[in-house]
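Quick notes on the structure that follows.
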Amino acid sequence: MTEKIALDWRLRGQRYRLEGEECPHCGYAIFPPRDICPECHQPAKEPFQLSGRGEVYSYSELRHAPTGFEEYAPYTVALIKLEEGPMVTAQLTDIVPERVEIGMPVEMVTRRLRAQGDEGTLVYGYKFRPRLALA
Amino acid sequence: MTEKIALDWRLRGQRYRLEGEECPHCGYAIFPPRDICPECHQPAKEPFQLSGRGEVYSYSELRHAPTGFEEYAPYTVALIKLEEGPMVTAQLTDIVPERVEIGMPVEMVTRRLRAQGDEGTLVYGYKFRPRLALA
Amino acid sequence: MRDVAIIGIGQIPVGEHWDTSIRHLALGAAMNALQDANVAQVDAMYVGNMLSGHISGQEHLGAVVADFLGMAGVEALKVEAACASGAAALRVGLMAVASGMSDIVMVVGVEKMTDTSGQDTTAALAMAADAEYEISQGVSFVALNALLMRRYMHEYGWAREDFANFAVNAHANAVHNPHAMFPKAITAAAYNRAAIIADPVGLLDASPVCDGAAAVILAPLDVARSLSPAPVRVRASAIATDPIAMHDRPDPLALHAARLSSQRAYAAADIQAGDVDFFELHDAFTIMSALSLEAAGFAERGQGVRLALDGEIARDGRIPITTLGGLKARGHPVGATGIYQVVEAVLQLRGLAGAAQIPNARLGMTQNIGGSGATIITHILEAL
Amino acid sequence: MRDVAIIGIGQIPVGEHWDTSIRHLALGAAMNALQDANVAQVDAMYVGNMLSGHISGQEHLGAVVADFLGMAGVEALKVEAACASGAAALRVGLMAVASGMSDIVMVVGVEKMTDTSGQDTTAALAMAADAEYEISQGVSFVALNALLMRRYMHEYGWAREDFANFAVNAHANAVHNPHAMFPKAITAAAYNRAAIIADPVGLLDASPVCDGAAAVILAPLDVARSLSPAPVRVRASAIATDPIAMHDRPDPLALHAARLSSQRAYAAADIQAGDVDFFELHDAFTIMSALSLEAAGFAERGQGVRLALDGEIARDGRIPITTLGGLKARGHPVGATGIYQVVEAVLQLRGLAGAAQIPNARLGMTQNIGGSGATIITHILEAL
């Protein structure tokens, strides 16, 4: 169940910078990278940088955290619909819980996700915070 | 992978005292308890106390231990053919490694098998030691 | 392709079996099924299970179960599809008999969930979702269902309270099931008062963590009548998948794999949704009941909750569901659930469901869901 | 029952794929197989895998692979039988086609083993044995094979050195396999000098921990010729089990499930052992090669080692084994191994094994072993 160092290294582009792919055949924006377009099923390996902007599709405040996340509970997880089309699952951060709502504009930030293993290696990744109204 | 407290409790009869079963239909000695006779396939739940005496069927000194047993390596594991018929897998203890041989008479003793989990709960169970020649 | 029938069923009570290992849970259900089918030996057995490796440190469960049943030698495999592992194993058993590769086949669903802490079990269950893009974000299985439920409430204007009757109905039915974990009625008020575990999901929206095992014996239809006084014919087996991560589905509320799986099953059985007398759906969470009813064609989009509110899911309603307690009240030992559903459907079709009996039940449907909907398996069973 | 043929094969190099997740390992092999078969879509896919939960925190691998292949919607299940998971998945794939429930089926074997420490992987592999009565005693998988090897040497009077040629032969063959992990020849002297890891098992008796994936595409035999220029017919699929714990087998050296599985396969194919042109056996350890040769009928009890000493296992010997490197030198990514064996057998039967080609290979046998012998699955393949 513990995330592994090699795994974190493999996923650094996606987790730190929201790097996806763009399908050269149908233009579909793909995140996470799949190398095969889920829309037209053609090979799709063109790197594509997502803007990190999106809005809340749904959210929930989680009170019982799985192993590895206990110290952070309660925290709010959400489905974020990104501007370019893909949806991602992520935690919300820098929020006032009662002000979170479906449709709220958010933007990606890099934050600590958890500490792992006996040595407590820190794992970072994307979270989303409310976007200023003028953004 | 870690052994659980409920599991250790469930298996205490077998692990501490080599409690098996005897088939009321064909007399087969069964260890570990199966409730179904592997010989005649009839229900078999009669408790049966094995003597703990047997001899070495095969053995190996293990230098790379699995997670949880590292601190005990190297140690010697063996297949022990019990007097009553069943064979068991167990560690040898109180041995001079170079004197271990196939056919060596052994007897059961209860020893610490490993420490488990963060709290280091000790797990005990059967091991086998050389039997005195006159036994 | 040979037609296949169920000639025996077995189950053990769902609950916290502190004193029983996973192998002996499976054994209990298997022995009951063999006895019910009045057969002593099978040609093959398929074991549906998700978590034996994580929770019991035991993989290779097919061989373990065959061995402890005293049947070492026979074909035995484990089949895994997360919470749909039970129905997945049944599907493989059906293939074995349909192909002629085996005649008498046992399918066992088994799960041991209570040997680890609640947090560890929560983490283990999350392996049904996307490890790299869902679990890694700290989302639990409950939270995934909460995300669905909130969006559903938002899109269709329902309140939390409107889901109460899914839980109330399940518990009311479980009262008549001696194998249920919670054979106790609950009220809508109790549902409304229950603690929230991941907003808007409360304690009484969710099925419990528990241990259990259930088994069925399969045979070719043409010999089933000579072997069993009341064989049940498998009219359809259908499976469909959807992206593993909820966020990768174009419309998560559509439960697309359930729609696909149901349609494939109706086509194979040559029936319509309306022909089904009862529906053992996968009520791991109340939101799943609503979405399943819609995807299977019993309600319009966004109107599944209406069936609960109107009492149409009760024993005497338009489409009775969770007739012996469902996942909510019978319990949800994940890899065993799909087989419990089938065992209960067979009881209904044999007319042996006691006070929970659906009058004149002739066609029953079961649907087992893996993960948040990535694998959905439907079976349609018919009384002969 | 419909006859089934293999119309496409795919594999990726076996090794330590630090930069590739388990899903993308599977994808690589699957894409190669689809391309080889020249099909774009399949009706179902079965994934053979043992350790995805423990090592990658991901169960529900069937849906994951279908999803990332861009095939969400299709039937997808994971099949597990420890180190025999690959062949187990193939067997389920054969049932699917033989029954008529599916026409074009993909079977993928995949394992990711290098994301955990060596000790953790050792502990994970031990889940193939009896968790309660073997693993709990601190025995590792290597140690179980050491117990067998020492007893064998004792009963039949062999020395450690006598096993050398199993490893030497495997490495000699791997030199010609671009997908092998260790495509390098070794000498008997190197075998004798190698470090002992669990007496008498040394480093060169054991297959390596590694990552890999392989895939095959199945189709009904009667349409295979129109789909593929060189289809390979599956003449037999047979499986047998034995008690999960080595100590519960009346005669552990008999490898009883291999004997049973081989005999069932010969009977189904209506051939004798002597008709087989080559044998891709499960050389996870050199002792397993000796016991497999005996159980499958190529040597008397206690005389399997003699075949190695006499060179009868070489390409031009009486019964060539591990013709493209075997588990020892191609590598043993556990759940993928059974499919690598089949992919290599198909290469031989197509006459495309290059410098490793067995002249006039017409009938090939593969045998995949789960645990220390509790599940053994044999396939016999025929060039058309």
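When the chains are written out, they are named A, B, C and D in that same order, and each has its own residue count from 1.
By definition in this document, a contact is a pair of C-beta atoms (placed from the backbone, for glycine too) under 8 Å apart; a residue touches a chain by one contact, two chains touch by 3 or more.
These figures come from a predicted structure and were not determined experimentally.
Q: Just tell me the minimum hop count from chain B to chain D, counting one hop per pair of touching chains.
A: 1
Q: Between A-C and A-D, which chain pair is linked by more C-beta pairs in contact?
A: A-C
Q: Can you compute the centre-to-centre distance for chain C and chain D, using the mean CA position of each chain? Integer Å is fine.
A: 34
Q: Could you state the distance in Å from the CA-based centre of chain A to that of chain B?
A: So the centroids are 50 Å from each other.
Q: Report the inter-centroid distance (CA atoms only) between chain A and chain D in whole Å.
A: Roughly 39 Å separates the two chain centres.
Q: Any chance you could list the residues of chain D touching two or more other chains?
A: Residues 21, 54, 56-57, 67, 71-72, 124, 127, 132, 135, 243, 245, 248.
Q: Indicate the residues of chain B shared as contacts by at least two other chains.
A: Counting only residues that touch two or more other chains, chain B contributes 1, 3, 7, 38.
Q: Hey, which residues of chain C end up touching chain D in the complex?
A: 1-2, 21, 23, 50-51, 53-54, 56-64, 66-67, 71-82, 88, 91-92, 94-96, 98-101, 124, 127-132, 135, 237, 239-245, 248, 256-257, 260, 370-371, 374-375
Q: Okay, in this complex, where on chain B does chain D touch?
A: Those residues of chain B that touch chain D are 1, 3, 7, 11, 15, 32, 38, 57-70, 72, 75, 77-79, 86-91, 102, 113-114, 123, 125.
Q: For chain B, which residues are in contact with chain C within the complex?
A: Chain B residues touching chain C: 1-4, 6-7, 9-10, 34-38, 41.
Q: Along chain D, where are the residues that touch chain B in the complex?
A: 54, 117-120, 122-124, 126-127, 132-140, 142-143, 146-148, 150-151, 154, 196-201, 243, 245-248, 252
Q: In their shared complex, at which residues does chain D touch chain A?
A: 18-21, 24, 27, 31, 40, 56-57, 67-72, 114-116
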